[in-house]
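Scrolling down, you'll hit the structures one after another.
Both complexes shown next keep chain A, but they swap its partner, so chain B is in the first and chain C is in the second.
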Partner chain A sequence: MKGGAASVSMVMPMALTLAIGPVLLTALWLALSPLLANTPWVALWQDPRFADATLHTLWTGTAASLLAWVSAGYLLRSAFIRGQTGRWLNRLPLLLATPHAAMAIAIVLWVAPTGWLLRFTSPWLTGFDTPPFWRTTQDPLGLGLIAALWIKEVPFLCWVAATQLQREDVRRRWQAEFAVAQTMGLTPTAAFNAVVWPQLARVLRWPFIAVLAYGLTVVDLALIIGPTAPPTLAVLAWEWLRDADAVLQAQGVLAAWVLAGLTLLVGASSWRPIIRIAPFGVMGRAIGGGWRLLFMLYAAAWLALLVGGFLGVWPFPNVRPEQWHMGHWGRVWDSAESLWRTVALGLLAATLTVAWLVAWLEWVPHRWQQVMRPLLIAPMILPPLLWAFGLYRVALWGHFEGAWFGMVVAHAIMAMPFALLALESVYRASDPRLQAVTLTLGRHPLQYLLSVKWPLLKRALWSAWAIAFAVSVAQYLPTLYIGAGRFVTVTTEAVAQATAGQRGLMSAYAALQTILPLMAFAVAVMLGRPRRFMKGLP
Partner chain B sequence: MSVGLHVSVDRLGTVNKPLLKALSWSVPPGAVCTLMGPSGVGKSSLLGAIAGTLSIVSDGLTPLIFEGSVYLDGERLDTRPAHERGIGLVTQDPLLFPHLTVAENLAFAMNRHTPKAERTQQVKDALQAANLPAMGQADPSQLSGGERARIALMRALLAKPRALLLDEPFSKLDDSLRQHIREWFFRQVTQRGIPALLVTHDPADVADHSRVIQLHHA
Partner chain C sequence: MPFFRSSDFSKHSQRMAVKGWFLSLSLVLATTLAHASDAAGRDWRTLAAQAKGQTVYFNAWAGSEAINAYIQWVAAAVQAQYGVTLKHVKIADIADVVNRVRAEKQAGRDRTSGTVDLMWINGENFAAMKRDGLLGEPFTQNLPNFKWVDTVNKPTTLIDFSVPTDGLEAPWGMAQLTFFSDSKRVPNPPIDLETFAAMAQQFPGRLTYPRPPDFHGTTFLKQVILATASDMAVFTKPATDADFQAATAPMWRYLDKLHPALWREGQQFPNTASAMTQMLADGELLVSLTFNPNEAANEIASKRLPESVQSWQFKAGTIGNTHFVAIPFNAPSRAGASVVANFLLSPEAQARKANIDVWGDPTVLAVSRLPTAQRALFQGGVKPGQLTQAAPVLPEPHASWVDKIEKEWIRRYAR
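Up next is the complex of A and B:
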C-alpha cells in the first residue's frame, strides 16, 4: 500500500521498529557484557570439560547439518523430477509440528536398551533375555543426537524450499529451465543439479546456517539424547548459567558466545562449498523411497509417543506390556494448567508475531526492511542461550520477568524468523496491479488490504501463524528464563520428565507437544484453504 | 477549463532519464483518444500517472516521477490519491479478483451504501450487458479471455468512473473476438458519455473518428 499510505509513511515504520528493535538490541548488548571480564575467560579455558565438549558440539552439529542438507537436496530433487512437489511439500507441516524434544523422546523410546527396536528383535534375533548394557541413547559419540537433529532438520529445509516452490512464478520458471536443460541432452538428474539446485541452494543457504546454529547450540534435545561425559558445550553453558556463582554464570554466557563464534566460523566456511554439494547423483531408481522413509520414521515416532503414555508394567523382552493404564495421562491432566498455559502462550505469541510481521512487510519501506532483517533473523542464528540470558536481563530491568507480557514477547521474538521465512517471499510476490485496479475502482487502500490482498494471502498467513505457534510450543530456554521458573509448559515438563527418566510421563507430554502444533496446522489448513466455487456452471 | 479529460505532461520518467516531455491533450466526453508508440516509450506509465497508480506499479523498480497536471471536467486530480480520482482502469490482463465470483467482482466496484436489491439488479444488468447472464456465480478462471475482458470493463464501469483508461485491453484476444469486443467496448464508453484513453500497439484498435497521439522517446 505504498502509494496510498503517505500519511503513515514514517509513523508506522518507526512504531514497528521501536516495538521490537530496542528489545533485541538491548538483549544482545546485555549478553555481551560478560565478555569484558577476564576471570570468566580464564575459568572457561581452564575447565577440563571445555575442549571435549566443544569437539562434541562441532562433531554432532556439523554432521547432523550436512546430513540434513544432502538428504533435503535428495528429497527435493526426487519430488521435483517426478512432479510431486505439491504432494510431498504440502504434507510437511505434519512433520514440522513434531517438536525437537518430542522427536528425541521418541528416538529414546525406540533405541534405548529397553526400547521397541530390541524388543521386536529379542530374543529370536539378538538372543537377549535382559536389556544389554549398551549406551544407545546419550551415547559418547553423540550418534543419537545426530540422528534426532538429522530427522528433524530435513523437513525444515524442505519446507523453506516449499515456500519458494509454492510461488507460481518461481515454480514455472524453474520447470521451464529444467525442461530446456533436458532438451540439451541432460538427464533429469543432471538437469536438476545444473539449473534448479544452484538456485534452490542459494535460497536454502540461510536456513542451512539456521540448522547449523540449532545443531551446535541446542540444549533441550541434547539434554534428552546427547552425550553426557562430557555433554555438548551448549548443555555445559546451560549448567553454568543456572549456577548461583556469578563467575560461573559469566562463564556460561562466554560459552554461549563461543557457540555463536563456532556457528559463524562453520557457517562462513561452508557458505560456498554447500552450494556445490549437489544431491546424490546416482540413486535414480530409489528416488521415490526417500519421502516415504521420512514419513515412516515420523509415523514410528508418533506411534511410540502415543503408546508410550499408556504403558504400565512391561518386562523385557515382551513386545506388548502386561498392563496398560491411564495413570500418566491422569497426572498430565492433574497439571492441566501447563497445557492451557502452553496453548494461551502459543496463541498470543503466534498472533502477535504474524500481526507485527504483516504490518512490517506492508508499511515499512523495503530498504528499511533490508537493514533490519538481520536483526529479525538473529534469534534463529545466535544461540537460544544468549537470547534467553539477554532477554532475561531485559525482563529484569523492565520488571516483567515471570509475567505473561514478557513471556509472550520472548516467544514472539523466537518465532519471528520462522514466520518471516514462511511469509516474506509470498507476501512480496503479491501482484501490485491488483492494488492499482482496486484503487481505480474507488476503493480505499485499507479496503484493498482487507478485501483483496490479505484474503488472497490467507494460506500463507495462516501457515506462518501455525509455524509461529509450533515454535512457541517448543520453546524451552526462554520459557525457563523469562518465566523465572514460574511458567511450566508442556515442553518444560517433557524435558524435565525425560531427564528424570520418567518414560510414561515424558511420552505423554511429548505426545501433547506434538498434538498441539498439529492442531494449529490443521486449523491453518482449514482456514487457509482456497475458496471453492460452484461447479457445473455452463 | 473545458469539460472532459485534460492531460498536460511536463516530464515523466526517472530522476535521470525522462520518458516523455512537453505533451498536452484533451479528450471530450464520450470520445476515445488513442495513444500509440514504441515499446518502452512510457504509455502504460502515463496511464499510471493519470490514474494515480504510478508509484504502485513501479514499486521495487526505479521510481517514476510525473510532473504535469490532470484535469477532469475542470477539476484538478493529480494531487489526489488514486481512489479519489474517479478514473477507471482496464488493463491487458483483466485482473479479476481470483477469490471472488464473477458477480462479486462486479459488486466489488459498486458503492457500499447502495441498497442490496439495487446492487443485485445492477450486477444482473452488467452480466446481461456483457452477454454473460448465467455466469454470476462462476469462478473467474472459468471464463474465456474475451469474457474476462468484458467483465473487467463492466466492473470498471460499475464504479461509475468519470473517465476511463484502457491499457491494451484487446491485445490478448483472438483476432476473431477482437473486432467484436472492441466495438462493444467503444459502444459502452460512448453510451456513458465519459472520456476514454486507449493505449495500443495495433492500428486496427483505433476507434472511428478517434484522435490518435503518437508518442516518441523524449
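Up next is the complex of A and C:
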C-alpha cells in the first residue's frame, strides 16, 4: 500500500518534469551545437563592431538595472514608511501591463526632434521652425534605451516586492521590526534601510538578475530606441543570426552565448554587493511624489500612443496635425486576426503556465524543485535569442513550428519564470495546519486543495496568470522564430511598424499591445478578490 | 516610369556590352519558354484542379500598408476564382525566409513539408536560394499569363541582378530608384550626385539615406557606385576583391565628403526608407527615396504626404530591377502557389497593382501587346506626386556585389 502510494506520487513529478525538462535542455543543446562544427571566435573578435557593441551592451544594461534598483528601493521605502504600500502597489499592474516595446515607442514619440516635447515648446520657447539636429532618438550613448528600461523595470521590481508586502505575516513582522528600530532612535529612513531593506533586497535579488539579463539581451527594445553605430551586442547577434551566410550565423550564435556569459558574469558579481546598495535620499515632505511621477510618466506614454494612432500629415512644429486620420486603426482592424491570435495565444499559454506551475509546486518534492529551479528560471536569464534559436530547432525536429502547439509551449516556457516569481514564495508560505484541519474532518486531500488552499491563494494565482499573459503578449523573438513567420501577433506588428518608422500604425499597435495585458490584469484583480466568510464572532 | 522604359536603356551606348548580353540571354530563354509552354498549356487545367482547396502561405515584405491591402485583394480574388486560400505571412526581411527554408532543408524537411509556399524575392536572396538548391523545379513556363510579360523590353524580368532566373521565379513588378521631396521646400531637385552633394552642403542635416544593409540604403550605395565608376563591365560579373577595390574607391571618396553634411552628420542613419518618408512629412528631412516610382503619389493619395510632394530621378539614370515571386523546393502547396503566381501576372491583377490609388507598382507586362479591353485597364491620368520625367534604367550589379558593399560600408561608417 505504502509502496503503491509512493510510486503513484512519483508519477506526477515525473510527468511534470518530462513535460518541460527535455524541451528546455534540447533547446539549449541545439543552440549550442552550431558552435561544435565551427567556432568563429576569431571572426567575432575581429569584427569591427564587436568591442563597441559589447561596451554599449554593458553600459546600457547595467546602468538601467542599477537605476531601476535604487528607484524601486526609494519608492518602496516611501510607500512602506507612510503605510501606503497597498495604495500604490495595488495599482502596479497598470504599469506592468505596458510592454517594453510600447514604452520605447512612446518615448520616441515624446523626445524625437519632431516629438511632442519640442512641438509644445516650439517655436515660442525654443525658436525652432524646423526640427533641431538633436540626436534624441537612437542616441549614440544609449540614453533612450536606458530610460526605457529604467521606467519599465521599476514597476517590475516593486511588483515582486508587493508579492511579499501583501503577505500578512511578512508585513506584520517587518512593521514590528521597523518600529523597534525607530524606538532605538533611528530615523524612519535609517530604520527602513537597516532592518527592512536587507530582507526585501534578498527577495528582490533574483528579479534584479532578471532585470539585468533583460537589459543586456533585449532585441526588440534596442531595435526601436537603442544606439545604431554600433548597436548593442544583442541586436548585432540578431543581425548575424538572420544572415544568409552560415558562417555569419554561427558568429551570431556565438555572440548570443557571449551575451549569456556576460549576463552570468555581471549577475554573479552583483549578487552580493547589490543588497548593500540601499535606496539613497532622505524622506522629504513630498511623500508619494516619486510614485506620482512614475504614474504620470506612464500616463504620458499612453496618451502619446493613443493620439499617435490618429495622426495624419503633421508637419513640425504644429501641435495639431493638418489632418486627423482614422486609417491606422482601420488597418489594425483589417488585421483583427492578429489581435485574436494574440489573445488566444496569451490565454492558452498563461493557463498552461499556471496549471503546470501549481501542479509542480504542489506535487513535486521540494528537493527535486530545488534541482530543477535553475532550469525553470533560465528562460528569464539566458538571452531570448538563444531560446528562440534553440526552440525553433526543437520545433523543426518535432514538426510543430508554425503550429499552435509549438507556439503555446514556447510562450509558456518564456512566461514560466515570471509566473514562478509571482507564485513561489506565497504558495510555499500557505499554512500547513489548514490541511490537517481538513483531513481531520475526513475529507480527501484534493478537496482541501479545491476548497481551501487554492481559493486562499486565488489572488496570487490570478496575478501569476496575468503576468504570464502579459509576458506572452510581449514575446517577439520566439513568436517570430517558432511561429515560422505565420503567427503574426500585435507585438510582431508593432515592432515591424516601429522599425519601419510608420508613426500612426506603430502607435496604434503599441496601444493595443498595452490594452491587452491591461485587460488581463483587470480580470485578475476581479477574479482574485478574496472570498468573504461569516466571522466566527459577531 | 519604368513600364515602357527599356528603350531608354538602349540609348546608353556605354552599356552596350551589358545590353547585348542581356538581350541574347533573354531571347534564348524566351524561345525555350515558348516551346515549353505548348506542352505546359495542357497541364494548366490539371494544375488548377490540384490547386483547388489548397492554402498558400505567401511570405512577403509587409512594410507598406498599400502593399498589404493589395495582397488582401489578391487573396479574395484567388479564393473566388480558383478556390485557393492565400495567407499573407508578413515579414520584415526576406532574408529571414531564405534562412528558414535553409534550416528546413538542413533538418531534412523535404518535399511538401516546408512552411513557405510562395515568397516575394529578388537579387542576392534569389541568387543564394538558386545556388543552394532551395527553389526546386522551374515553374514559370507553366503559367499561361507569362506570355504577356515584356521580356524583350524589360530584360530584368529574366535576369535578376545578372543572375538568369531560369524559370525559378515569376516576375511581379518593376522597380526603379526614385527620390521625392516637397516642391515648396525643394523647388529644383538635384539631377545628379554632384548637385545632390551641393544640396547637402546648402542644407546640412536635411539629407540622408537608410542604413545599409537596409534594402533601400544598399540601393543608394549601388547608385553611387554606378554613377562614380568608370568601367561598367565589372558589375555584370561576380565581384572579385581586386575589382571591388578599384570600382568602389570613387564611391568611398564621395561618401567621405558627403557624410558630414548629412542628417546627424552621417554618424547615424534612419532604419528604413519609410522612416525617412515619415521624417520628410514632419519636415525633419528634405528628401526621401523609394524603389517604386509611384510611391509618393500613393502616399499622397492615402493622405500621408502633402500634395506638393514631387518625384524625381537622377538625369543619367537610376538603378532599376524587377521583383519576383518564387516557390521553395519544399512548398506544400506547389500547385496553389503556381496559380497565385499566374494570377499575379494577369492583366487584371497587374493593372490594379499599377493603379496609384492602390499601390502604384509598375507592371511587368507588355501593355501594348494586350487585347484592347485589357489594355484599357492600364489607362489612368497623372496623379499628384507621380514621376513625370522618367530617367533611364541602370541595371543592378551582379548579386555578389551586395554583400561586399554592405560589409565594407559597415566597416567604414557603422562603428
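By our rule, the second predicted complex is superposed on the first by the 514 of 538 C-alpha atoms of A that agree within 3 Å, B and C clash if a C-alpha of one lies under 4 Å from a C-alpha of the other, contacts with A are read in each partner's own complex, and residues count from 1 in each chain.
Keep in mind that, in the parts below, a contact is a pair of C-beta atoms (placed from the backbone, for glycine too) under 8 Å apart; a residue touches a chain by one contact, two chains touch by 3 or more.
What you see is a predicted model; the values in this text were computed from it and never measured.
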item: Chain B versus chain C as contact partner of A:493, first or second or both or neither; value: second
item: Chain B versus chain C as contact partner of A:452, first or second or both or neither; value: first
item: Partner chain in contact with A:435 - chain B first, chain C second, else both or neither; value: first
item: Touched partner set for A:127, first chain B, second chain C, both or neither; value: neither
item: Which of chain B and chain C A:316 touches, first, second, both or neither; value: second
item: Touching partner for A:501 - first (chain B), second (chain C), both, neither; value: second
item: Touching both chain B and chain C, residues of chain A; value: none
item: In the complex, chain A residues that touch chain B; value: 2-4, 366, 431-445, 451-452, 455-456, 530-531, 533-534, 537-538
item: Residue ranges of chain C touching chain A (in the complex, touch as defined); value: 57, 59, 62-63, 65, 68-69, 72, 87, 89-93, 95-100, 102-104, 107, 109, 113, 115, 124-125, 128, 205, 211, 263-264, 267-272, 274-279, 281-284, 302-306, 403, 410-411, 413-415
item: Chain C-touching residues of chain A, taken from the complex the two chains share; value: 48-49, 52, 113-114, 130-131, 133, 135, 138, 140, 223, 228-230, 242-245, 249, 312-316, 322-323, 325, 327, 331, 334-335, 392-393, 396-397, 399, 401-402, 480, 484-486, 488, 492-493, 496, 499-505
item: Of all residues in chain B, those that touch chain A in their complex; value: 48, 51-57, 59-60, 81-89, 91, 93, 95, 97-99, 101, 108-109, 111, 134-135, 137-139, 142, 155-156, 159, 161, 165
